[in-house]
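Below you'll find the structures, each written out as structure tokens.
Common to both upcoming complexes is subunit A, partnered first by subunit B, then by subunit C.
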Partner chain A sequence: MANYYNIDDILAEEEFVPVVFHKAANGVVIDPSSETNSVEQGAKVELPLWLAQELYLRQAISISVPACFSQRTRLEIQADAACVDLKSRSPYFYEFGCKIAPLVGDKTIEILLLSAFKIRYKEILTKAYTAVFTTTSKFLTLLTKEETNLYEAAQASMAAFKKWRMGGPRLQRASVLGRKRKPLD
Partner chain B sequence: MAGQSDPHISLFSAEEVEFMAEDELIEIVPNLRMDPLNFICGDFGPFLPQIATQVPFWLAVALKKRGKCAIRPPQWMSVENLTQVLERERESQGAFQVLPFHYVEISRLLFDHARDDIPDMYMVRSLIEDIRDVRIHKVETSLEKFSGTSAVKIPNLSAMEVNIIRPFVGRALQAFYKHDNPEKIPDVDRASSAQTRAANNEPRMIMAEEFYNYIQVSKRFFFFFWFAAATEEITNHFQPASDEGTSVLLETLFGESYLVPFSL
Partner chain C sequence: MHGRKAYELVKEFASGEKGHLKIFNNELFERVIEECNEHHNALQSLIRKMQEEGLEVQTAKNADHYGALVHHLSLTRNKRCLMAYVYNRAEIIRDLAWKVGLLHELPSEIQEKFGDSEEQYFKDHSKSLKLYMSQLSLDVNVDMVPPKDPYIKVRVLEDLGSGIILSDKSANFARHSMHFLKRTDAEQYISRGLMEELTG
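Right, the complex of A and B next:
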């Protein structure tokens, strides 16, 4: 409930996590192709995080580590974090990781996030202030939403400074001033 | 708690930083006779022809625009000094040379409004641009160094340089903080988290002038109204009933465009 109106927070909670049901539930359609409107005990399904969180608190399910924090991803991040396509794994990799870590009780996720961010931060920094847009467009597709925000913040402030330095019209005429008043009849 | 132009990213626009820079004092040589001016920020004058005096930058620019004074470029803005600074800036990789806090804005304002008062204008200009580019590059390399720390110290940065990196550094530090101390993330609404943040030593970037800025805006317009009223000729041009008169008043209120159509 921390960021109730934050759209990024809402979208991060839309990510799917694999869960196992401990209890059978009737009258729920989780898989549209199933024949009955019920979930059996021990069924393995994928639920969005917001739903899984609530069911977990009621001890109806147990959550396992999602695919984007799999062993393979970890190895890739250890090899070269800057080149890993985190966006395709999860567009809200960091936010999602922070939310899922306490639920699955995996301390290593937080360490993974920090080490990944440390390396990718440097990459974003050098790209954001120096490189031209055409060379970075490919790099941008690898970034998660949080990293894109960071990159765009840096770009925007640099662009604003350059615009100010170049000058141009220093005074802007208020739009109301140009209009002629209608004569009163 | 920052500039008015964009409430989301807590950034001053370059124009807002320039506005703050205009409160710096600068020496002018007036060519008119005028009594001392008593402002909230201090008393300036009296103004006597050929007698140099210190005034805030915005007043100097306003007088300069009307051809009422010559601006004396500040001491540091000499070719010799700037060449030295540039050399030392290039030599030392880590440290930044001491320059006025608002050197980027002040030089820009001087180049815009007081071209004729600066000796070796083109040389000075290219030197300052070089210095600025070297420094910005150095800022970037020094930003590369930090990883996971909660405090960053880069002495002698100027206002504009801080302003350029502020949104990026602020967010990056916040992310570092979040991943470094996952259990400490305050679980409250952002708006009410100011106190929690202060208690947690969460990284924030603040310029001391942010708060000071709020009271600055009104006093200048007050001066321009006074300046206008003190001029007899205003009555010849300023006819509040007509269309033109209203637009003059609006311009005076809404922007920097205090160039009301009368001359002294």
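Right, the complex of A and C next:
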């Protein structure tokens, strides 16, 4: 597993997917509607992806398309991808989509992700280079984790370019100590 | 829910600013380990039950098998979260040693956030770095880009007193005083925020 220690990968796998159990399972508390400590055959529950993935590979469950890739989302993305609030759907929209697509056998998810990312990518970079912070703060709340990283990278490169052009001190306080200086006592 | 606590632990790590350390969450960490033990016990009792029924544990695919499987997966998931938490923190701690300073040079408000084993890790890492540098008789922690001028102008931001002896001179480093120092000497004070470089 290449991403074993990757924090984002771990968080992306915590997204919930609707599943149907084909096999019963004893001694586990994952079905909230069940009164006993077990899952019946045919029970419909929501499981985090990391669990659903492995159970699916052992043919214990079948997975259906999660709510964040619903028809409504698709229509919104088709209308104007740049304005869709993907973060509220899933902060790991793309990673989650890539992981879930082969499991549900839905080829359209991949096309959806690609087209959404293409349009939003352009928008993010334009905003990162030109807009002032006050106008972008609202826009930033719509971005997924991946897109936020992209936005920050673009801004950092812009800042580095400005610094290179204007000149300035090469040595600086380590960023881990925080940006603000301690108040003078 | 399975793996929820472990998720909270990782989430907490991710919620901070990049490269910043939070206080080691001992309580939650212990809870996740406890949960691992619970999963382990449940897994064992299910397998025992299968054995008592005279089933082949490797091949029988009944409800107990899938129950045990879920516990097993939850266990490995919890393990992964715990490992990632410790691993990523260790990475930050190593970074601190390189970027800010070794041993006592690190500000105490950062050191307070270390867990017990992390404190030891930081000390050991600092020590081996120091040993390595003294064997090479070279400070490998300075800026990689060769300076145009070996001397730079700095302003002192916090009262450092006159106790510091640099390689070629000693002076009274009172707050707001300005000095002309060797860059390699000044670097560590700048990165700790005690001096700033002046350009002009």
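Just so it is clear, the second predicted complex is superposed on the first by the 159 of 185 C-alpha atoms of A that agree within 3 Å, B and C clash if a C-alpha of one lies under 4 Å from a C-alpha of the other, contacts with A are read in each partner's own complex, and residues count from 1 in each chain.
The criterion applied here is as follows: a residue touches a chain if its C-beta (ideal position, glycine included) is under 8 Å from a C-beta of that chain, and two chains touch if they have at least 3 such contacts.
Bear in mind the structure is a predicted one, so any value in this text is a computation, not a measurement.
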First, second, both or neither for A:A60, with subunit B first and subunit C second: second
Touching partner for A:A82 - first (subunit B), second (subunit C), both, neither: neither
Partner chain in contact with A:V28 - subunit B first, subunit C second, else both or neither: second
Touching partner for A:F117 - first (subunit B), second (subunit C), both, neither: first
Touched partner set for A:G167, first subunit B, second subunit C, both or neither: both
First (subunit B), second (subunit C), both or neither touched by A:M158: first
Partner chain in contact with A:I7 - subunit B first, subunit C second, else both or neither: second
Contacts of A:S38 with subunit B and subunit C, given as first, second, both or neither: second
Which of subunit B and subunit C A:L51 touches, first, second, both or neither: second
Doubly contacted residues of subunit A, that is, touched by subunit B and again by subunit C: 4, 167, 170-172, 174, 176-177, 181
Footprint of subunit A on subunit C - complex, ascending: 1-3, 7, 10-11, 13-14, 19-21, 42, 45-46, 61, 63-64, 66-71, 73-74, 77, 80-81, 83-84, 87-88, 92, 95-96, 99-100, 107, 110, 143, 145, 152, 157, 183, 186-187, 190-193, 196-199
Residues of subunit B defined as touching subunit A within the complex: 9, 11, 13-15, 18, 108, 112, 136, 140, 143-144, 147-148, 160, 163-168, 171-172, 175-176, 178-180, 182, 185, 187-190, 243, 247, 250-251, 254-257
Contacting residues of subunit A [partner subunit C, same complex]: 4-8, 10-11, 14, 23-28, 30, 38, 48, 50-51, 54-55, 58, 60, 167-178, 181-182
List of subunit A residues in touch with subunit B within their complex: 1-4, 94, 98, 101, 110, 113-114, 117-118, 121-122, 125-126, 128-130, 146, 149-150, 153-154, 156-158, 160-161, 163-165, 167, 170-172, 174, 176-177, 180-181
